[in-house]
Structures are given as structure tokens and as C-alpha cells.
Amino acid sequence: MNKTETLIPKVGVITDVRIDTADIKTFRVVTPDGKKAFDHMPGQCAMLSIPGVGEAMFSITSSPTNTEYMEFSIKKCGCVTEWLHQAEVGQQITIRGPYGNAFPVESTEFRGKKLLFIAGGIGIAPLRSVINYCRHYRDNYKSINLVYGSRSMDDLVNYDEILNEWTKDKEMYIYLTVDKEDPDWVKHVGFVPNYVKELKYTPDRVAIVCGPPIMIKYTVAALKELGFKDKQIYTTMELRMKCGVGKCGRCNIGSKYVCKDGPVFRYDELGELPDEY
Amino acid sequence: MQMKEYKPLIVAFCCNWCSYAGADLAGNNRLNYPAEVKIIRVPCSCRVNPMFILRAFQRGADGVIICGCHPGDCHYTSGNYYTRRRMATLFSMLDYLGIEKERTRVEWVSAAEGAKFAATMNDFVKTVASLGENKRLEDLRCKR
Amino acid sequence: MQKITTEQLIEKAAELMNEGKVASVLGWEKGEFGYDVTPGIFGSVDELKAKFVYGDFSAANLSKYLVKKTEMVQGQALVFLKTERKILIFLKPCDSYSFNQLLTEHRFDREKVYAVGVQCDGMVDIEKVKKIAGDGLLSVDTSGNDVVVKTLYNGDMKIAKADVLAERCVNCKSKKHVAYDELLGETGEVIDSNRFDEVERIEKMTPDERFAFWQNELSKCIRCNACRDACPACTCEKCVFDNPKSGVENKSPANSFEEKLFHIIRAYHVAGRCTDCGECSRVCPQNIPLHLLNRKFIKDINEFYGDYQAGAEVGSRAPLVDYTVNDVEPGEVFDRGDENA
Amino acid sequence: MRKIALENIDMLFSAISDKMSLFLPVDQNDGKAAYTKWEEGKKWSCALNTVKSPKDFFFPQTEDMMEFKVDGKNIEVIDTRKASEDFVVFGVRACDVRAFDILDRVFLTDPCDSYYATKREHGIIVSLACTRPSETCFCTAFGIDPSNPKADVSAWKTEKELYMQSNTEKGEKLLKVLADVTDEADEEKVNEQKEQISSIMKRLPLAGLDTSEFGGGKTDEFFHSPAWDELSETCLGCGTCTFVCPTCQCYDIKDFNTGKGIIRYRCWDSCMYSEFTRMAHGNNRNSQKERFRQRFMHKLVYYPENNEGIFGCVGCGRCLSRCPISMNIVKVMKALGGKENE
């Protein structure tokens, strides 16, 4: 990316809008000439904006191995997201990035390891990028597990892809759960942290956790009960960001800036930071 | 380049029950008043927040006029009494800051006073036109 | 008139604390140089003895802190003691007006507060001292009617206190405490002050001069919001200038319009409720005479609707939420002004 | 080293402003100095410092970044920046000069902020030694020498003359421009002044302020200190300290709809504001204590941690004299360091 343009965005076009749940949609974005806006690594974020409404940071949910477009799974919760949810195909927005660090998919921290992904609700968004990346370079990793839960069956994001593609992969094990019982739901019912405990994962793998803060907290506790060490647990953080480049002064936790040093943190790194997130 | 004739932009906040109907009547009776008067209908003249007036100037208005029911005739009993106090103090403050007092006005226009509405607007437009463009409460960003 | 000393205040506070009547004390805390006094909350007698100060620089109006702090004391009282322990606040005469005004607006619980009125001999404006003594003040003290200054460059100096009184004290509107449970020192009378002279001077200028005057003053604004945050009348839970949905949330003085918008609306939102305590001008880092905006409203309200002093009594109805059938018309107010001129 | 008689100082100013814009502290009608564009008749202030710091020249309080034209579903991004011209900021004190270093480390590190960088490239800074530091000064605590300020050109004002010494290529160029109005000078008077200033610095009330307790890696030590409660208790949550501070660099990016297009601008923001970190899902600094702590921890711990031990404060004393409640970094340092009663 050109140095003089860190804060000046490119124009992006929404080419597809997929309705995932009642409050989550997935947007496909390309540049006006139909290309991918920029390359990224799994876990990185992009700044999307609607002029006059605002700018906000979103994790890129599509895999870097997808060379045609980028996807963003976005939950309706603020001004920008509300506006986006009303947007139609063909709507232009602005996009800049990529920002932040990525999951260490290329280092030995992940390579050659068993991977355990744990997601809650919209927390699947950043993990989907990693999972698809790992599926693409399948031989670099050992078994992949995914424990994914949400409030109800209708709140599971990306359900079709999980059901139709991921479950069919070899050495990929998917465990879905919902919080509340439903006559149509035949799989597991219960909260994610408890499910993780029930599944009795052995600590010979790397855990990647993403979801609401409370779910992360209890899931990490569950993992530690199972014998996982801080160094084996990864998560991604979210704080208010305006610039995306560690200069506007909002997103720091202690001396670390989430938009620059994060959003991906290993749990032992996070432990060194003050409890202000 | 030909000089365009200067036509002031006027924002008129009109109460729904009297003045807006008055404006309607002026129209029905084919009474003339300049097209530069932009009417904003409000439920009561006391709905007009001082911020609305300043924002109107920011967005390019050269004059702002507030029209309501005659005192005592308010649809909500007392709304325009509050308007009267609020606008008296606000306009006095604008004058204190050196902003031409002729750019702001309050006028009571009933639903039956179509002629008064037209006459008021004509007079107000003339007054503001003689002052020229609003320079003292302008936002240059909105002028480009 | 006998001067009230720091020790007397500490003694009173300690007594009330030891009796268990109050749990904490809202007062003033010593600084580094004698003049940089900070509002402080004292939780123990030791703390009071170590840090409490009352003097020529105890200028801060403490009333606004009651809005948040009484809730805190209430919490403490429930936890520690069954008895009703209160927060002690010291009120200078002008603070007592703000106290009443907040009470009128139901912004704090009177039952949770023990108010001690303290005699005020006027506060000193350190800026004025520095103008005379120059930079490098090593210490500032009062003795009698003089301010004694030790400086690094101009030696020691004695300055008449009257020459360095804060503007609001020069034009003090009242030495009367309008609210207290107990009084230390003497209370005075409402003063027929000259506080509107400056407003009148500006009114008599031509519109062009007025515009130039305010343009110059307001252009200094850095939008730090200190005037708003220090104002005891500004107690909205969410200020319109902080609310992204208000459409006017502007964090910076992007141009002269936004400066004016902010200052007109700030003054307007407290019109009829402003007690003229002068905190806005005192805290302004750019020395903008903000009180002249507030006083214009007070003066107008007095002239249009009859004399009204916000905070003079609890429960009075502010003029802008009131009306009479025969109020002056907005168009007539200018004619009146001309008559007076 | 070059010198010019103070009685001819206007010749110097006019020689500079013939070539480029010159900004220097000028007394306003309230007696306070503010950086003002020099023109014939403007008098250079002898005030120790300005209320608003010179960071404004490189990181303006409000700055338009770009414009968007929206047409139906389409958006056009327009870079509205104009070509920058050289300018001189004259009379910058040693503390504010260090502040530029601190800002540089934020804005010029990768990814470089082009808005700041361009202005920095075009700005020439002439510093000025402090002959009369005030009681609120504590720059020496951060290793700043007010008798020997850095920047492109260093200057010393003696009773009758102004001495100037260039330190950079840009400074050299400027002094060349001024060769006609200045004379060659030796360093005797300057050295004399340097000694004088050092002896004054030792007599200042805050001369003994100790920074050794602070620095990178001390987050755990100070973050949970009980002192924060008391220190922040009466903080009003206004932005005065951050806006007068020469090193505070937090900003906000906002859009303004002009009716004809959308201007995206950047403006100063303050970590003391309640809205600062609020986002759709909540706020991670909900109380004034947390926001207050953030500001001082950033200056004393976080910044040095990320920048080789350099503190984020320069001891200019602006917050000491301007805070509405007279709470400031010195009081914080003393309270946290436990040296309050010494």
C-alpha cells in the first residue's frame, strides 16, 4: 500500500449480500474494476466506511486464498452496521487496510499442529478466514476441530458452508451447539465452554477462541481445566478504532495497540496487559 | 460573467395549526410571495430549538422566520408563549454577538391570515435582501 | 471582619466526622505552589490535617460534585453504618446559589449533604498576580489585605489583594449564603454590583464592533469543554455536543460557525438557570470572557421578565420555562435596548 | 554562529517572511501569547511560552483529509490536499522541540502519516533558549536542556542580541537566507547564558522531580495503584490538559456533510472524554478514573515502553497552569512515586 495513502480509502463495491441470521449479513466486496481490494492474512481487519455515516473496523472473514473478493460477516449493532444492513448489491463503500497482525498460520505455532477452533456467535467471522486458509493448505496442519455455538439454531452464521463443505473434509470435526432447546435441533444443546469440557480435548493442540467477552472468559477457564497452557490459546480482540494504524490513541490495552499489535493475541501476551478490555 | 440577481434564502418555521394553514391559504388565494422562502412545518412554534435556527444559517439560510399561532391561540395552550420568551432572548443574544438582528423574526400568523403571511414574507425577504448574504453566521464548508 | 482560617474549617470538619455526622468532606486540597488548589474529597481527619486548605485560591465551586458524590455516600452509609452519614460540603456564598439551583432541579439528595457556609473574602486570580509579579512564583500567601509573593526574578512583593481579585469577586453579586446547615464566619448581603457594566459596554458598540469583539474572543476557543464540564448548571447526563445522534456533535472548532454555535448554545442551555458563579470564565484556558454571554442572558431576562436570580431560593421557576400572557414580543426587545442606550 | 541586534529584529523577521510564512509568539489582547503569522507591526512576545503548543502547525486541531462525492450508489474519493509551502516557526522552547520528536515517533513510524509528514518536511523550526523559566517548568526531569534547545536553528536571546546556530541542513539554508541581516558571532555570550540558565533551573521548585520510578515495563506496578482513585476523584473530564499538551496526539476522524459532498476531517480528541472509547458493544474505559489513568500511564509508562524509554511528557508546564482543577502530571508523579510528603 502506498505510504502516502494510509488514511485515504479505496472505493469498494458490494457485489453480494447474504443473509445469515436475523442480525448478521455477509457482504462480498471488490473494487469497482472487479478485483480484490488488497491481500491480507487470516485474522487481519479492514476499515469499511460509508461517507457521512462513519468508519468502522471489521475482520475479513474470507480466506486469503480467495483471490477474487473479500467477505465481511457483519452483525447489526451500531450506526455503520445498521446502514450496511440496508445496503443493496451495487452499493459503493470505502475500504482501507489490511490492518493488524494475523494468526501465525505460517509459523510452527500452527504448522504441524492439531487445531481447535472455538467460536461463539459472530465470533466465527475471523475464524472462518483461518479455517478456510488451513483447509486450503490442508497438509500443513493436523486434525482440525471446530466447536461452534450460538443462541439458537437460527443464529448460526455460515451454517450452509459448515454443513455442506467443512463436515465433508477429512480429519475435520465439527461440533455445533445452541444455547436453547429447539424441536428442530437434534444436535447438542448447551453453552460452548461446557461443551468444550464435555468433549474432553487433550491439550496437545492449539486453541483459537473467538466470541463475546464472557464466552471467551469461560472457555479459556474450561481449556485451562483441561490442561491447556496460556501459550496454546489464541484469541482476537476488539476495541474502538479510528485510524487502524496505532496513532489515534483509542485501542490500546496498556502499551499494546489492538489495531497494530493485535487483534490476534496469544493468551500469555494478554496476561501481561492490564485488565482494561 | 453576468452577475446573478441576489435572492436571499429564507427558512420559515411554520406551526402546523395556524401559520402553515395560513401559508396554505395564501397559496389558495394566489397571493404572491418569493419562492426563496422555504417552509418547514413544525407541530408548534415551540418545537423550534435554537439549534434549528443556527443550523439553518449554517446550511445557507440568509434569514430565519418563525411563525406561530397568535399568543393565546396555541393549539397546545401555551406553546407559543414559550416560543416568545425563547426567541426574545435568543435573538437578543445573536444581536449581542453582532449578527444582524434583521435576519431573525417571529411573526404570529393565524390560519385565516393568508394575506398577512404573504405580506410578512414579502417584507422579510425585502429586509434580508437589503442586508445581503449572511456572512456572520455562515459555514464556508457548506457554501462551496 | 474576622478572617476564617483553614484551621477553623479543619476543626469543624473533624468535629463532624468524629461525631459520625459526616462520612467524607468535599473541600479544597493544597497544591505545589500555594495557588494551585484542587477540589478534593477527604475521608479522614488525618487527610484533612495533611491536605485541606481554605484561602484565596479555594476558588473552585464544589456544588457540582454533589451530583455524583451523594450517590457514593449513600452507598457507604448502607455498608458501614446504619446511621445516616452525610457528605460535608463547604459553600462560599456564590457556591450556595449553585447548591440551591441543583437542589431545585433535583440533582442531588439534600438529606445526604451537610452544608457549612464559609465566609468568603474574595478569591485571587493568579493570572492577575502573574501579570504584576511576572513568572517564577516561588510562593504566594496572604497577609491581611495583601498578597505576599516570592518570585525568582523580581524578588519579594506585596500586592494589594484588591488589585488581583478575580473578576467575579470584583463584581461580587452577593456575600449572602442562601443555603447552609451551619455557618462559619459571617454571612453578608446581596450586593448591588456593577456586574452588567461590561455587558452594557458591549451592547453600546455598533454591530460591527460587537461582531469583531466576539469573533476575536471566540476564535481562541480550543473546544476543551472545560466551561461546560465545570459549570454547575451543565448537568445533563448526555450533553448534546457529546451525542453523535444530535447532529451537532462537533469535537473541534472547525470554523468560526462552530465556535459560535457551541458558545451560543452552551450559554443558552443554562440561561435562566445560570447563577453567575463565574466558573466558566475562571476555567477557560484561553481566557475567553464566557461570563459575558451568560450575563447577557441574565440581564435580558431581568429586563424582559423582571429580576430573577437563579438559586436564590429553592423551587423557583426558571424564567425560560415560565411565561406571562403579556410578555414582550421578540421584535420589541431591540427597541427596548435602544431606549436604554 | 550568527547574531543580530534585537533592535533590528524586525529586519530578520521581514527577511524570513519575504521568502516564506513566519509564525512567532505574539501577545494577544488578554496578555497571553499565541503563535501568529508575522507581518509588519507584529511584535514578538517575550512570554515564556504560548498557551496553545506549536504542535498545531504539524498536527492541526482540525484538518480536512479528503472529500467524498456521493452520487446514488457511487462514491468518489477526492484528495483535497494542496501543495505545502515552506514555513518557519520561530521561538519554540526546548520542551516543545522535544515534543516534536515525540510526535514524530508516533506519526512518522510505519505506516507514516503523510499529512503530518508533509508539514514536518516543510516546517523549519527555530528554537529559543529559556532565560526565565517559570515555577511550572520541569523539562530537566526529562533530560531536556532549556539552555541548549535543539531544532533546525537554535537561538539565544541576550539583553541586546539574538544569537543563532544551525543544526540541520534546513537550518543552514535558513541562516544563509539571513546572511545579509546577521553577523558572524562567537559563542562567548551564549555560553555565559547557558551557565546562567542552568543555575536558575536548579532553583526551580520542581527541579528535583524524579522520573526514575517510571518508564516502560512498569504497567503492573502502577496500573492498580490505589492512588488513582483519589487523584481522579475530582477530574472534570474536560479536554484542557490534552489540548494544551504539546505531545498529546489522540485524534478523531469525522465526516461532515456539507450538502454538496462529505468532508472527512481529522480533529484532536481527548482520552479524558467519556465518549472516547465508546463503541457499539460498549466502552472499555467507563469511569473517569480509567480515562484519567490512561492519560498518565500513556505518558509515563506506555509511551516509554514503545519508544526506548523516552517519556511522553516534556515538562512544559502547560497543564499545570491551565487545568481547571489544578490536577496535573506533577501531582500524579508525586502521588504514585510515594514522595508526596517529602
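Note that the chains are named A, B, C and D in the order they appear, and that numbering of residues resets to 1 at the start of each chain.
Just so we're on the same page, a residue touches a chain if its C-beta (ideal position, glycine included) is under 8 Å from a C-beta of that chain, and two chains touch if they have at least 3 such contacts.
In this text, all values refer to a predicted model and were calculated from it rather than measured experimentally.
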{"item": "Count of contact steps on the shortest path from chain A to chain D", "value": "1"}
{"item": "Chain nearest the global centroid, as defined over all protein CA atoms shown", "value": "D"}
{"item": "Pair of chains joined by more contacts [C-beta pairs], C-D or B-D", "value": "C-D"}
{"item": "Whole-Å gap separating chain A and chain B, where each centre is the average of the chain's CA atoms", "value": "53"}
{"item": "Whole-Å gap between the CA centroids of chain B and chain D", "value": "46"}
{"item": "Length of the line joining the C-alpha centres of chain C and chain D, rounded to whole Å", "value": "30"}
{"item": "Geometric centre distance via CA averages, chain C-chain B, whole Å", "value": "37"}
{"item": "Of all residues in chain C, the ones touching two or more other chains", "value": "244, 254-255"}
{"item": "Residues of chain D whose C-beta touches two or more other chains", "value": "252, 256, 269"}
{"item": "Contacts with 2+ other chains: residues of chain B", "value": "141"}
{"item": "Touch list for chain C against partner chain D, complex", "value": "31-33, 36-41, 50, 60, 65, 127, 131, 134-138, 152-153, 216, 220, 222-226, 228-230, 242, 244, 250-255, 282-283, 285-287"}
{"item": "Residues on chain D engaged by chain B in the complex (per definition of touch)", "value": "256, 258-261, 263"}
{"item": "Contacting residues of chain B [partner chain D, same complex]", "value": "59-60, 141-142, 144"}
{"item": "Sites on chain A touched by chain D in the complex", "value": "1, 3-11, 51-55, 77-78, 81, 88, 90-94, 238-240, 242-243, 245, 247-252, 254-255, 272-274, 276-277"}
{"item": "Residues of chain C defined as touching chain B within the complex", "value": "202-203, 207-215, 240, 247-248, 254-255, 257-258, 260-261, 264-265, 267-268, 271, 293, 296-297, 300-301, 304-305, 319-325, 327-331, 333-334, 337"}
